[in-house]
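In structure tokens below, several structures.
Below, subunit A partners subunit B and then partners subunit C, in two separate complexes.
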Partner chain A sequence: MTRFIAPLFLVVFALLPLGLTDPYLLNALIITGILTICAMSLNLLLGFTGQLSLGHVAFFGIGAYVSALTALGFDVSLPFGLRVTHEGGAPLLGFLLAILITGLAGYLIGRLSFRVRGAYFVIVTISFAEVVRLVALNWVELTQGPLALTAIPNMVLPVPGLGDVALRSKMQNYYLVLAVAVASYLLIARLVASRFGRAMRGLKENESLALSLGINATRTLTVAATISAAMAGAAGSLYAHYIRIIDPDVFLFSYTVTMVIMVVSGGKGTLAGPLVGGILFGLLPVALRPVMAPEAQWIVYGAILIAILFLMPRGIVPALEGLGERIAARRKAGDKPTDVMPAKMGANP
Partner chain B sequence: MSTTRGNAILNVEHVGMKFGGLTAIADLHFDVQESEILSLIGPNGAGKTTAFNIMTGFLKPTQGRVLFRGRDLSQTRPNEIARLGLARTFQRTSVFADDTVRDNVLIGLHRHGDDTRAAALLDRLFPTPAARRAENAVRERADAIIDMVGLTARAGDKAGSLSYGEQRLVGFALALAVEPKMLLLDEPVSGMNASETQGFVRLIRKVRDEGVTILLVEHDMPMVMEVSDRIVCLNYGRLIAEGPPEAIRTDPKVIEAYLGKSAAKLEQREVAHA
Partner chain C sequence: MDQLLQHIFNALVLGGTYALLGIGLTLIFGIMNVVNFTHGALYTFGGYAMYLAAVALGLNFFVALPVALVAGLLVGAFIEFTLLRPLRRSDIDTTMLVMIGAGIIMQSGTLWIFGGVAKAVPTPFPAQPLTFGPVSLSYVNLFVLCAAVALIAITYFTINGTKLGRAMRATFQDHDTASLMGVNVSLIYTATFAIGSALASAAGALLGPVYVVTPQMGDLAAVKAFAIVILGGLGSISGATIGGFILAFAEELGAGYISSGYRDAMGFLIIIAVLLVKPTGLFARAERIG
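So, the complex of A and B:
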């Protein structure tokens, strides 16, 4: 039953902009889509390996800055009289570099912290995000600090027959985000179903047993962290080229919290969970805004979150799965209502 | 490094293990020959499980070393030891409870046909024909292992929902999935009834006949006596006797340390049978 969530979402969100002209709503959908990609990437770690990255926003932010700086160019002096100058290049190159560099960052964080895991990984990721935020804030020569990087060019894609197309409209950006989201979803689905996914599941469920079966814990978790980070970096790049202005606030802890809320409410460790949670909590503020005062909005937001976790502790998607199983079981029982009786009678002919 | 004597597959060389002031194992020294079934016995707290954890890399000995096929295991991590062909089962936690029996074995087979070529990476990300073939091969292998341990009827059930005895079989199937050259079984028949135990004895023999060496830790004395080629007896972390079952059964030190009642019972049973 929950298998159909992702294809259903794809159809709905592929067709939605056709009947939607309100730029405010379209903007909300784009931001929600970008955050949902982040939630999917966080779910790869939190849901499928059980490791909580509370600094996930670091990868998002690094992706945004790398991509923006690649497109804008920079001129920084380093110690020992070194000087690095970059003229500015194609946003698409920025997108690819964002994936590469955040993947590398994820790899290093994984190598550093996965020998001990658990709480240590949580602490290392929080610290990493804070350090990166302070660097972005204080390395003014590179990042402009609180003055922000401005006039970041829109994403430019080479389209066969049309040459290079700059994605200026919201509609174009919407479909770009949708495409990256679909690619991310398929990548995770494929990974989880592969041998690598089995190794992740084994480690999460019973680490000693997994080790005794020859599963390399450090390597498996590091690979998961690398892919997860790279995916968040890709989302950061999309964000930078869409919003076109970024400042150190892209590293705010509240983004990480939003991602965790999306994953946990939707159902961690399920493929569709971050989609459901992401769209629900991405669009909830938009839905509440016209009907109540700003102060009340966040109270309702919190109340809905608490209600979901209280009623469905494992998240919406696992709860739906459970419901589906119960309905199937009842239907089965309904088909053969005299199941018990003939068995008894058969035993006593 | 080549210190393999005769055709020993595992050498435990003067291994000692101290936890703070407590000596769990003192100067343990024995070999396991290729394709034999060797049992490690001794009363509770004699150091059997500690010895097991040292042999599989979960603990590092404070003294001595363990050689597997001539290779020193003291610097080797558990997952690497498994890859060398030394697999184990656990006393308690032995399955991935939330997964089906088939998925359990598939996790165990995670490196079946291990391939590090770039093409293999692509196969992992895209459903190429080669990837599908590899996946089918892994599934066939899983079904063969499940069939061997006799759980085909439960292949689609969650491992956690199985009876205790069946869960032990899943644990055994997982160890087989590693395709080991040697298997260490930690109390494999505890929680099994008599007929399940008999089935398991047949299974162990079958695996041994395929060339897998077996090291067994077990409390079920009749089972140990029946299945073992050789027995090593520990008490208070020391080796007190080593030999074939007949010799161990009559060894006064063993009877005194551990077998007292069981041996008496065994003898009675034999008298009754005669």
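So, the complex of A and C:
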């Protein structure tokens, strides 16, 4: 039942802009899509390997900065008289570099932080994100600090027959985000179904047992962290070229919290979970905006997070699956009356 | 040299409140295995409780301080009773996320009620600082240091010298055995969370008048408290005390001699360095959980 969620969403969201011209809603959908990509990538770690990383926003922010700086150019002096100058290049190059560099960052952080588990891992990841935020705030020569990087160009894609097309309209950006989201989903689906995916789940279920079967824990987790970080970096790049202005606030802990809420509410460790959670929590601000102030909205998010953990600890998608199974079981029980159980018991005394 | 003495005094004042924050967090972490993400919000709560008591109610400064402490104690007991008690058998990630949710509600609630503008809490101390040669000490800072040391001493006595403290230590070592020996473990959990919350609230109430009170003041305080706990080792009160002072010295000297922009990065760098070099904390004796 839940395996139809992703194709259904794809059809709905591919057709939605045809009947939707309100720029505010379109903007909300684009931001939702970007955050949903982040949630999908976080789910790879949080859901499939069971490691609660609360520093995920770092990769989103690094991706945004790398992409913006590649497009805008920079001129920084480093210690020992070194000087790095970059003229500014194509936004597409920035997108690819953002993926590459955040992947590398994810690899390095993974190598370091997977030496600890549980609460310690969580705190290391938070610390990493905060250090990156402070660097973005203080390395003014590179990042402009709180003055923000402005006038970031829109994404430019080479289209056969049309040459380079700058994606200026919201509609174009919407379909770009949708395309990246679909690619991310397919990649994760493929990964989870592979031998590597089984290794990840094995580590989550029982690390000692997985180790005894020859699974290399640190390597598996680091690869998952690398892919997850690169995906968040891609989302950051999309964000930078869409919003066209970024400041150190892209590293705020509240973005991580948003991603975590999306994953946990939708259902961690399921493919459709982050999609359901992402769209729900991406569009909730749109629904709440006319009725309450932003601070009050955050109170509602906090309350929903707690309510979901108490009432549906596994999330919406597993709850739906459970419901579907129960309905199917009842239907089966209706077909064949009650003598199934006693017969079985008689056969196995 | 003169500058160094001044930095050392500043670090001592800061270290006292950091130690309060760290002790509260390490108690909760060590005894309950809960990563308390409301710790920063409780620190903010203490600041605002002080503001409400001293400015809105017009209470005397020295009366307002215990009021803020007791308010923190009650809020902590309430959080434990409503959110943590039902989740006793859940895994650590679930309680962590629930605490994040509670922290968001508390922080956004503060922002909603009081607005984002910083509030000042007046103190009864003379503005003119005490000067010893080149070093100047303000009275309010001196008072904060003394009050923090007094609270740390009271906490030490509670843990090491009272029946409640003995029950808490027994629960920390083995909650099943403690329960068999007649310790009411549920009550100990509530008491632990309430005491930890009261210490965080007291730290906010002490530092609020020194700086200003804002809804975001707890954000950094929370991560600094994590740094202190990791530095000192899980569940170790003396470790948290020493860790608080080490962090304060690292920040104060780092800001003074390296770069003031990276002052707040010291805590995070310490966390990362300690976990990579000696993951059990610098002063740990207890086994690590989690």
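In this section, the second predicted complex is superposed on the first by the 317 of 349 C-alpha atoms of A that agree within 3 Å, B and C clash if a C-alpha of one lies under 4 Å from a C-alpha of the other, contacts with A are read in each partner's own complex, and residues count from 1 in each chain.
Please note the rule applied: a contact is a pair of C-beta atoms (placed from the backbone, for glycine too) under 8 Å apart; a residue touches a chain by one contact, two chains touch by 3 or more.
No experiment lies behind these values; they were computed from the predicted model shown.
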More subunit A residues in contact [subunit B versus subunit C]: C
Partner chain in contact with A:Ile123 - subunit B first, subunit C second, else both or neither: second
Touching partner for A:Arg195 - first (subunit B), second (subunit C), both, neither: first
Contacts of A:Tyr242 with subunit B and subunit C, given as first, second, both or neither: neither
Touched partner set for A:Asn216, first subunit B, second subunit C, both or neither: first
Subunit B versus subunit C as contact partner of A:Ala293, first or second or both or neither: second
Partner chain(s) touched by A:Phe48 [first = subunit B, second = subunit C, both, neither]: neither
Subunit A-touching residues of subunit C, taken from the complex the two chains share: 29, 35, 83, 86-87, 90, 92-94, 96-98, 100-105, 107-109, 111-112, 219, 223, 226-227, 230, 259, 261-262, 264-265, 267-269, 271-272, 275-276, 279, 288-290
Subunit A-facing residues of subunit B, complex: 56, 58, 77-80, 82-83, 87-88, 90, 93-99, 103, 106-108, 110-112, 124-127, 138, 174-175, 177-178
Complex interface listing, subunit A residues touching subunit B: 187, 190-191, 194-196, 198-199, 201-202, 205-206, 208-217
Subunit A - residues contacting subunit C, complex: 52, 112-113, 115-120, 122-124, 126-128, 130-131, 134-135, 137-138, 253, 257, 260, 264, 293, 295-296, 298-299, 301-303, 305-306, 309-310, 313
